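These are the structures in question, set out in turn.
The two complexes that follow have subunit A in common; it is paired with subunit B in the first and with subunit C in the second.
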Partner chain A sequence: MSAPSTGAMPERPSGSLVRKVAWHWRHDEKRELWIGWWTLVVFYNLYGLLFFVVTRTQPPPQPSLDPAGIVRWFDDRHHGLIYGYAIVFIVGGATAIMNATLAYSMRRMSVSRAFAYAYLVIYALATLPGMLLMGIACTVGAMRPDRDPELLSWLYDFAFLSFEGTMGVFLVGSLVWMAAVLLDRNRVFPKWFGYLNLCNALTEVVVAPAWIFKSGAFAWDGTIAWWTNMGVFVTYTAVFLTLLRRMILREDFGTGPLPDLPREGAPQASGSMEATR
Partner chain B sequence: MRRADGEVLLLWTLPGVAAIWLSGFLLFPGFVPPMSPTMSAEEVAAFYRDPENLPRIRYGMIVFNWFAVGLIPVLALIALQIRRMAHRTPIFSYAILACAAGGPTIFLLADLFWLLAAFRPERDPQLTLLFNDLAWVTFSSQVGFLIAQSVILALAIYLDRQERPVFRPWVAHFNLVVAVLLMPAAFAGAALTGPFAWDGLLTFWVRNGAVALWIVVMAVVLGGAIRRQRAEDEAVAA
Partner chain C sequence: MTTAARDTAGRSRFVPGQPDMWAFVLFESLVFTVYFTVYLVHRSQDLDLYRQSQTHLDLHIGVFNTLVLLVSSGSMARCVQAARECAYRTALTNAIWTLLFGFVFFVSKVFEWTTEIERGFTFSTNEFFQFYYFLTAIHFLHLLIGFVVLAVGVRELRSPARRSQETIETCATYWHTIDYLWVLIFALLYVVR
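This part shows the complex of A and B:
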């Protein structure tokens, strides 16, 4: 049974979460967008948990560890690396639907489709340096603790430098989103979010010296290369999740400017039963 | 009206791609039976140094490389069928295209590690073991984009609410089953023996079997969908 495409939708049920989700699955016209948004929210929380708690690969260890220290580092978190990254490998493809949802925000703007397409392809590839290469290196390192320590330290460098040092995808991706937001006339995102993209892009430049320094603020565990980067990234992610949620609430599936959110308590423009009650 | 010229040609590349996959699979002496993760560095080095094996490793992996990329046009056809579904947004077709870009890239990486191990087999056995481990772990554990592809396709089919949906609901159920069958392979690094090891029942046989079955089933239903679409397009044009 499907809901009529215009006019009144059946009343939203109150009560259990399952019934609410089932209602949205059946009747909510924005369910595709909400699937994408909830995937983003769940994934970023899981990502934090897996990287900071389960694998304990973040915050990153020192690049200056000697091979014996690196052997100990792998020993200390053997199970965390193996099982944590196995879960990363299972859910890693979820980034596809997440990036598709973010690309949709650009499609809804008044700018060319080229922005959405460029963003989609860039972030599809970003999954490799963003987590998968590090996971492969850590898994291979952990699976044979008796490997030659010199080779284990090569895997250690591979893990952290692929994660921290290959930021071109995030740099260009953020700039594409920035340009789209600043050019957009459909008011999908506020203009200040365009400049926040620039902040995120700049932190990706700031991590580049991680290829040169083994200690200090610019090393891969440094105050500038890691802490500033992570601080900006977490803020940026929280902001775009909030703005994306507002975009979905405002979405009218038109091509013109997005309408404002209805004020609290005001009747909903989508013609829900509550408005006529 | 959307132009569908050439789609049948792209679809018929699939038997060719499948033949490449089969020949790569049979050529590479490390697949039948799969190499054991318990082999020592010396045994792994001896495997690559064996003059019987070396050309088969190289040729097998060279054609395996073609196979991964060869699947991309077919994924593009699936993305186009998703476009025909009764959705409000292009999110699902975008997501399939993102999987098409990400998945084969990882497969290429595994292929590269195998070929590197075979390029100078006289190298220190510890280095050959490292490349061999990187190849097998990448090949076995990287199921994320394949799982996502199946789940996204299933969601797209379930939400395709029209009188004659593009794919029948069983195609969605089938894709969810495939996604579940692929999951144990992510644990390839957890054990050197048993069903989760890279030569184990779940990680090697079930996973590769699921991928092969997916290709065959999706080829058939995709062919059917394209045929119906062409018939509808001709009826509209007439």
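This part shows the complex of A and C:
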């Protein structure tokens, strides 16, 4: 997981950002971890942009639209859906790097490796309903605007029900991470993050009624089924990105408890890619 | 100062049990505040429907459930107090009483749901019953997790090698959260007219 050893590490250069990045690329022993972390940050932001701005599929539209309204919905977003999801399909593989970084946190814990493996499998599976099925259905609808409105309505329901209604995989993933954090003795994450995983898992449950209702708080665009769930998920994501960053800063590539970060003002042992930010 | 004394002094400055569990309580309180606010907003938009639907709930079962959970919280508090005094047998007895009262709530809630469904009031009957089943079911999920938490507490109390006061207080904090959330749900669904 570390960069090749080059004997005595040359001093980190001051000056341009390019030189600093080049130094970290060649000498930082946490290089791969930082690449994984930055992939998480970049792609969560990119996905936010693609889903909310380019394709305009989030926040989700009304489930109760009639076939004529659904045809208009696809027509209004024709180019956004095609180009937006094209980018999603091209960069979608980055989820493997993202999931690997999250699973690494569990590998660093004192718990069984089964937790990390279970998490990897669950989130690899979650990519299908959470991103790809919706993208495929929306792209097909956008590329075949001349088809029967009833067929487009089927695609519309399929897209949003697969995205909103299949939160069970995320629920179990959160519970796996929760159990790992609470059982861990290496202090990789604080225990409150384990409990936050439980909160996140419990708000995944509230999405289930989206299969039943076409309007109101429990529909797929409802205040509880979507807005509350999304609010908790965004908070949860911001928290785990922050904690992962701290974990990488604390990482000593040992097998025991992670050391605490040095207090501000205390001398640092070596530079890291973090210093370039 | 010994480690135990430092732990006690440290705890007395903050909160009972793990402070991390209090973060959970805070976050869950925020999430439930959102649920309650959404319920009240929807209720204000169709007051007649909600008032009329509320009359189909059995207030007696609601009161019974509330009393059962309050009593369970009382026995949990006695469990913590006994554990603090190193009276572990009493603490264990009270923890088991808490579990039993929790189980009574479990049975009572399933009975209430069954009765309502048999009378034709299901999740999709109207907007009030959507909220009724949603709020009581999400609380019920917390109760099921509470059984796991209590089992951890009982396990701690049964073995002299474990008996972490912090863990027992953390379990109690979770159980009291179930109680306090239920009191709010009971007030909103059954009492507020």
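Everything that follows uses one rule, which is that the second predicted complex is superposed on the first by the 260 of 277 C-alpha atoms of A that agree within 3 Å, B and C clash if a C-alpha of one lies under 4 Å from a C-alpha of the other, contacts with A are read in each partner's own complex, and residues count from 1 in each chain.
Simple rule for what comes next: contacts are C-beta pairs under 8 Å (C-beta built on N, C-alpha and C of every residue); 3 or more make two chains touch, one makes a residue touch a chain.
The model shown is predicted, which means the values in this text are computed figures rather than measured ones.
S.K.: Given the superposition on subunit A, are subunit B and subunit C in a clash or a fit?
M.R.: fit
S.K.: So in the superposed three-chain picture, is A:Val21 touching just subunit B, just subunit C, both, or none of them (first/second/both/neither)?
M.R.: Touch partners of A:Val21: none, neither subunit B nor subunit C.
S.K.: Looking at A:Met143 after the superposition, I want to know if it touches subunit B, subunit C, both of them or none. Which is it: first, second, both, neither?
M.R.: first
S.K.: Please indicate which partner A:Val121 is in contact with in the superposed arrangement: first for subunit B, second for subunit C, both, or neither.
M.R.: Only subunit B; A:Val121 stays clear of subunit C.
S.K.: Would you check which partner chain A:Arg107 touches, where first means subunit B only, second means subunit C only, and both and neither mean what they say?
M.R.: first
S.K.: On the A-aligned overlay, A:Phe218 touches which partner chain: subunit B = first, subunit C = second, or both, or neither?
M.R.: second
S.K.: Just checking: does A:Glu29 make contact with subunit B only, subunit C only, both, or neither of them? Give me first, second, both or neither.
M.R.: The answer is first: A:Glu29 touches subunit B but not subunit C.
S.K.: Give the angle at the C-alpha centre of subunit A formed by the C-alpha centres of subunit B and subunit C in the superposed arrangement, rounded to the nearest 10 degrees.
M.R.: An angle of 130 degrees, rounded.
S.K.: Output check: A:Tyr85 vs subunit B and subunit C. Expected answer is one of first, second, both, neither. What do you get?
M.R.: It touches subunit B, and subunit C stays clear.
S.K.: If we overlay the two complexes on their shared chain A, which of subunit B and subunit C does A:Ile97 touch? Say first, second, both or neither.
M.R.: After superposing on A, A:Ile97 lies in contact with subunit B but is clear of subunit C.
S.K.: Return the chain, subunit B or subunit C, that is in touch with more residues of subunit A.
M.R.: For subunit A, the partner with the higher number of touched residues is B.
S.K.: Rounded to the nearest Å, state the minimum C-alpha distance from subunit B to subunit C in the superposed three-chain model.
M.R.: Once the two complexes are overlaid, subunit B and subunit C approach no closer than 29 Å between C-alpha atoms.
S.K.: With touch defined as at the start, can you tell me which subunit A residues reach subunit C in the complex?
M.R.: Listed in rising order, the residues are 190-192, 194-196, 198-199, 202-203, 205-206, 209, 212-213, 216-218, 223-224, 228, 231-232.
S.K.: Quick one: in the complex, what on subunit A touches subunit B?
M.R.: Answer in residue numbers: 2, 29-33, 35-36, 82-83, 85-97, 99-101, 103-104, 107, 116, 120-121, 123-125, 127-128, 132, 135-136, 139-140, 142-144, 147-148, 151, 154-155, 253.
S.K.: Spell out the residues on subunit B that touch subunit A in their complex, using ranges where they run on.
M.R.: 37, 87-92, 94-99, 101-103, 105-106, 109, 126-127, 129-130, 133-134, 137-138, 141-149, 151-152, 155, 159, 161, 183, 186-190, 192
S.K.: In their shared complex, at which residues does subunit C touch subunit A?
M.R.: Within the complex, subunit C contacts subunit A at residues 18-21, 23-24, 27-28, 31, 34-35, 38, 42, 123-124, 127, 130-131, 134, 138, 141-142, 145.
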